[in-house]
Amino acid sequence: MTIRVAIAGARGKMGKEAVHTVMNNDEMELVAVLDYKEIGRTLADTNLFPSHYTVPVFIDLQELHTITKPDVLLDLTTPEFVYEHTKQALELNIRAVVGTTGFSDEQLEELKTLSKASKIGCIIAPNFAIGAVLMMKFAEQAAKYLPDIEIIEMHHDQKLDAPSGTAMKTAHLISQQRPIYQQGHIREKETLPGARGANYDGMRIHSVRLPGLVAHQQVLLGGEGQLLTLRHDSFNRGSFMSGVVLSIKTVMEKEELIYGLEHIID
Amino acid sequence: MTIRVAIAGARGKMGKEAVHTVMNNDEMELVAVLDYKEIGRTLADTNLFPSHYTVPVFIDLQELHTITKPDVLLDLTTPEFVYEHTKQALELNIRAVVGTTGFSDEQLEELKTLSKASKIGCIIAPNFAIGAVLMMKFAEQAAKYLPDIEIIEMHHDQKLDAPSGTAMKTAHLISQQRPIYQQGHIREKETLPGARGANYDGMRIHSVRLPGLVAHQQVLLGGEGQLLTLRHDSFNRGSFMSGVVLSIKTVMEKEELIYGLEHIID
Amino acid sequence: MTIRVAIAGARGKMGKEAVHTVMNNDEMELVAVLDYKEIGRTLADTNLFPSHYTVPVFIDLQELHTITKPDVLLDLTTPEFVYEHTKQALELNIRAVVGTTGFSDEQLEELKTLSKASKIGCIIAPNFAIGAVLMMKFAEQAAKYLPDIEIIEMHHDQKLDAPSGTAMKTAHLISQQRPIYQQGHIREKETLPGARGANYDGMRIHSVRLPGLVAHQQVLLGGEGQLLTLRHDSFNRGSFMSGVVLSIKTVMEKEELIYGLEHIID
Amino acid sequence: MTIRVAIAGARGKMGKEAVHTVMNNDEMELVAVLDYKEIGRTLADTNLFPSHYTVPVFIDLQELHTITKPDVLLDLTTPEFVYEHTKQALELNIRAVVGTTGFSDEQLEELKTLSKASKIGCIIAPNFAIGAVLMMKFAEQAAKYLPDIEIIEMHHDQKLDAPSGTAMKTAHLISQQRPIYQQGHIREKETLPGARGANYDGMRIHSVRLPGLVAHQQVLLGGEGQLLTLRHDSFNRGSFMSGVVLSIKTVMEKEELIYGLEHIID
C-alpha cells in the first residue's frame, strides 16, 4: 500500500529535501502541501521545484484533508505553527511526523493524550539523522561495559556554542548508565588550561571548530588494551532523510505519540 | 562475596594476563591453578610470577576442587584439554568460563545439556574483547537502518589469512539483518583488480596488513548525507581481560551454557 | 596591489564558486568574464548571481583585454577551449591559471615555450584541492622512511572507476621513492578473493564506495610499533577554492609554466 | 661496509630494544656495550638476553674503544651520564647517537663545537619515532596553506600532564609558520568551560586520557570544503627503533652535531 503524505513547510531547507525524498520513494505518494500563505496552485508554480511536481498546495489543513486524504502529515515548519498543525492533524485522524524541538511540556502532554485517545500515531523527532541516533544509543549501551568515555565533536567554525547539543545529549544518556566519577589520573595537571576539555559528570567533552567541517562526533570508550570508537559524520542535510522515511513508515503502525527516533529503533 | 577462581592454562600468554587480572581484582580470589604437569607447588615456584603469588598448583581437578573449593574454573588451555576440563568442572558443580573455539558440535551439545541439567552456569567465549563484541553487535543492529556497509580490518603484516575471523563473523551477522544485494554502482569497474575488496553477500571487506598494526577493525555504514563508523582497536592482550572479568561475574548468576559474550551483554 | 582577475567558464559548477571566491577576496578584483556565447552584458544579467555582480561579460579575449586589463585569466572551461584561451592569454601578456587536465603533450610543450619566452607565468593544476596535493606530497616524502604503505580511498557509490585517480597518482608518486616489493607476509592468503585490495608495485589500494561519502583518502604508513596516517577529506567543491586563490597569487611572481600545485608548495 | 656499534644503557627499556634491533640489522654489528657497573663479561651473562648475545661489556669507554673500535656509540642512558659519554666519544673519534633531552645549553654548545672541530658527526634526538617527527614536520609545512589548526593528542589515563610534550612542540612549530590569531567564531561561547580546549596562539589543543590508549596524536587542518588530518599512532616502544637505525646510518656521513631527527629527514 502506498502511504499518502502531506508536507507542511515544503519551501524550507529541510522541506525541499523532504519533497524530493517523498517524490522519489516508491512506497509513498506526495498528495498535498500545506503552506501558511498563497504560493501558487501547485509546488511547480513556486519555481522552487521541477515543473512536473504538480502537487496541490493548501493553506487550510481541513480542506487539504477533505480533498487529498493524506495518511501522514510531515511537519517541518517552525515552532510557532507546529503545535496547531499537529493537534489539528490528530483530530482529523491524520498521523503526524514532526521534526522540531519547540514544544512546551504542556503541549507535549496534550498531544500525547490526544494521540493515545484517538489511537492515531505521532512521531516527534528532534534529530532525524538515524546515524546520530544510533551513535547515541550505542554509546549508552556500551557505557555499561566500557565506562571510561570521552566525546569529541567537530563542527564548522561558524557554530557559536560549545559543546554541541548532540554532545550534551550523548553525555547525558551515558551518565545515566555509569556512576559519576572523575576520569583520568587523580593527579593529572593542565599545563595549558582547557586541555582536558569540558567536564560532564567526570567525562570529558572536546569541541573542535574548523572551516570545512560540517557536523561530526566521535565517542571514545577506552578499556584495558582496547578502544571502541563510535563516530557519526553528517555531510549534508540529506542525512535527515533516512529518518524522515523511517518515521513515515513507522507512524503508520503506531497508536500513540513517540518522542525521539531512538524509541522506534530496536 | 568474593568469587573463588581457579585458572587452567596459567602459564600461557592469555593465562599469565588472567592470573594478574584475578589477583588484582577486589571481588575475586585466585584460589588454585590447574596444570597438566608438575611445575612446582605454587605459581611463584615457576619463576613466571612474583614471589608473593603463592597460589597452589594442582594437576588433578578433583583434588583441586576438594582442597580449594573454587566457584569458577577459568579455562584458557588448548582445545585438546578444554572439553575434558569443562565437563569435569560442571560435574563437580564448578562453574566454567572458557576462552576457546575448539569444541565440536557434539561436545558443545553435551556441555549444554550437562549445564542445564545441573543448573551450573558455563560461558564459552571465542572472543573476550568486549569492545569487539560490542562493535559486532552494534553493526548488526545498525544494518537494519543503514544497510550499505563496508568493513576495513587492519592487522600486522605477519597475519596470514585475509579477511580476519572477526571481519567474517561481522559480515555474517550483518548479512542476517539485510537482504543480499550488490552494493556500489551497477556499472562500477575495477581498473586494478581487487580494488573493491572481497565480496560477502554484496558487502565489501578490505584487509590492510602493515608492520606496526596490532588488531583493528572498522565497520562503515553509509546513508544519504551521513556515515556511521564503528571501530575497535585492540592494542594488546589486555583487551581480553575486561571480558574475562565480566564472564566470571556473570557466570555466577547463570544456570545454563551461554556461547558468545554477545549474549551476556544487553 | 589588487590583482585584476578575469574568469573563463564562470557559469560552470567550479566557475560559479570561483566567481564568489574572487568577488569576496580583498586582494583581488573580478574585472571581466569570458564566455563563448552571448549571455548578457554583466554577470548579474544571467540570473545566476546576485544583482550587484555587475562584472562585464566578453566573448572575445582580445576585447576583454583591451577594455579591462586583467593581470590573470582563470580558466575553468572544458579541454576544447582551454588550450586556445591559454595561448591567446600568454600572447596578450595575461598570466594564466588553468584547472584542467585536457592538454596534449604537444600543447603543453608549446605553452611552456611560450610562457618562458614571454616571461609570463602560467599555472596548470589538475587538482586545486591544496589538502589533497599536500597529502600526496607528504606521502611521497614519508615513503622514504616508512616504505610499507596502503591506501584507502572512499567515495560515494555513484563513482564508476576504482581506484580513484588521486589514489593512482599517490601510488605512482610513492613508487618512485621506494623499491618495488611485495608487502605483507610472503605466505599470506585471501580466503575471499580481493580482500587484500589492488596491488600497485607491491602496495595495496582499497576502494570504498558508500552512499553519503563525498571524496576521502587516507594513506597509511606502517613501521615497527607505529602508524602514520595522512588523510584528506573533501566535503564539497569549495575545497578547490584555496588552491585557486593560491595559484592566482603565485602566478603573479612566476615567469614560466608550472604544472601541478605541488610545485608551488614548498 | 658494516657499521660497528656500541650501546650505552643496554639494560634499560629502550636499550634492550636497541640491542635486539642492532643485532638483527644486516648493516650493523653490535661490538660492545658500555655500562656504569660490573654486570658480567658479556650481555648474555646478564640473563636479560639470549645466550648467543656474547657482546663484551665495558665500564670504561677508552678501553671499549681500544679493544672494539666502534664507529658509533648509541647512548640511551640518563642525563647524568650522557654528556660525559658523548664528549668522550667525540674526543675518541667515535660518532655519537644520543636519545635524551637532558643537555644544558652550555653542554650542547660545547658538543657542537667539539663535533665541528673534529668533524665527527653527532646526532641528538629527543624523539626517535620517525612517524611522529614526520607528522610535526608536515604540520609545519601545511600550516602555511591551511592555517586553521586544532591538535588532538590521546594518551593512557596514567599520564599526568596535559597537553603532551609532542603536542606543545607541534603547536610551537606551527606557530612559527602562521600569524597568531584567534580561531573559531568571534562570538563563540563555551556553555561548559574547557570545551574548546587549550589555547596556544589561537590554535586549540585537546588532550584525551583513556585506559587502553598508548600515545596518539592527530593534527587537523581545516580549509573551505576540506580537512587534512595528520595522525601518528605509537603502539609500543618499537616505534623508536626505525629512528635509531636511521640515525646510526646517517651519523656516518655527518661531520657536525645535529639536534632533532627532523633535520636528517628531507
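Chains here go by letter, A, B, C and D, matching the order in which they are written, and residues are numbered from 1 within each.
Here is the rule we use: a contact is a pair of C-beta atoms (placed from the backbone, for glycine too) under 8 Å apart; a residue touches a chain by one contact, two chains touch by 3 or more.
Just so it is clear, the structure is predicted and the values come from calculations on it, not from any experiment.
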Touching both chain C and chain D we find A, B
Ranking A-C and A-B by C-beta pairs in contact puts on top A-B
Whole-Å gap between the CA centroids of chain A and chain B: 37
Cα-centroid distance, chain B relative to chain C, in whole angstrom: 48
Multi-partner residues in chain D (2 or more other chains touched) are 212-213, 221, 223-227, 233, 235, 238-239
Spell out the residues on chain A that touch chain B in their complex, using ranges where they run on. 129-132, 134-135, 138, 141-142, 145-146, 221, 223-242, 246, 265-266
What residues of chain C sit close enough to touch chain B in their complex? 148-150, 152, 154, 157-163, 168, 183-185, 187-200, 204-213, 220-227
Of all residues in chain B, those that touch chain D in their complex: 212-214, 233, 235, 238-239
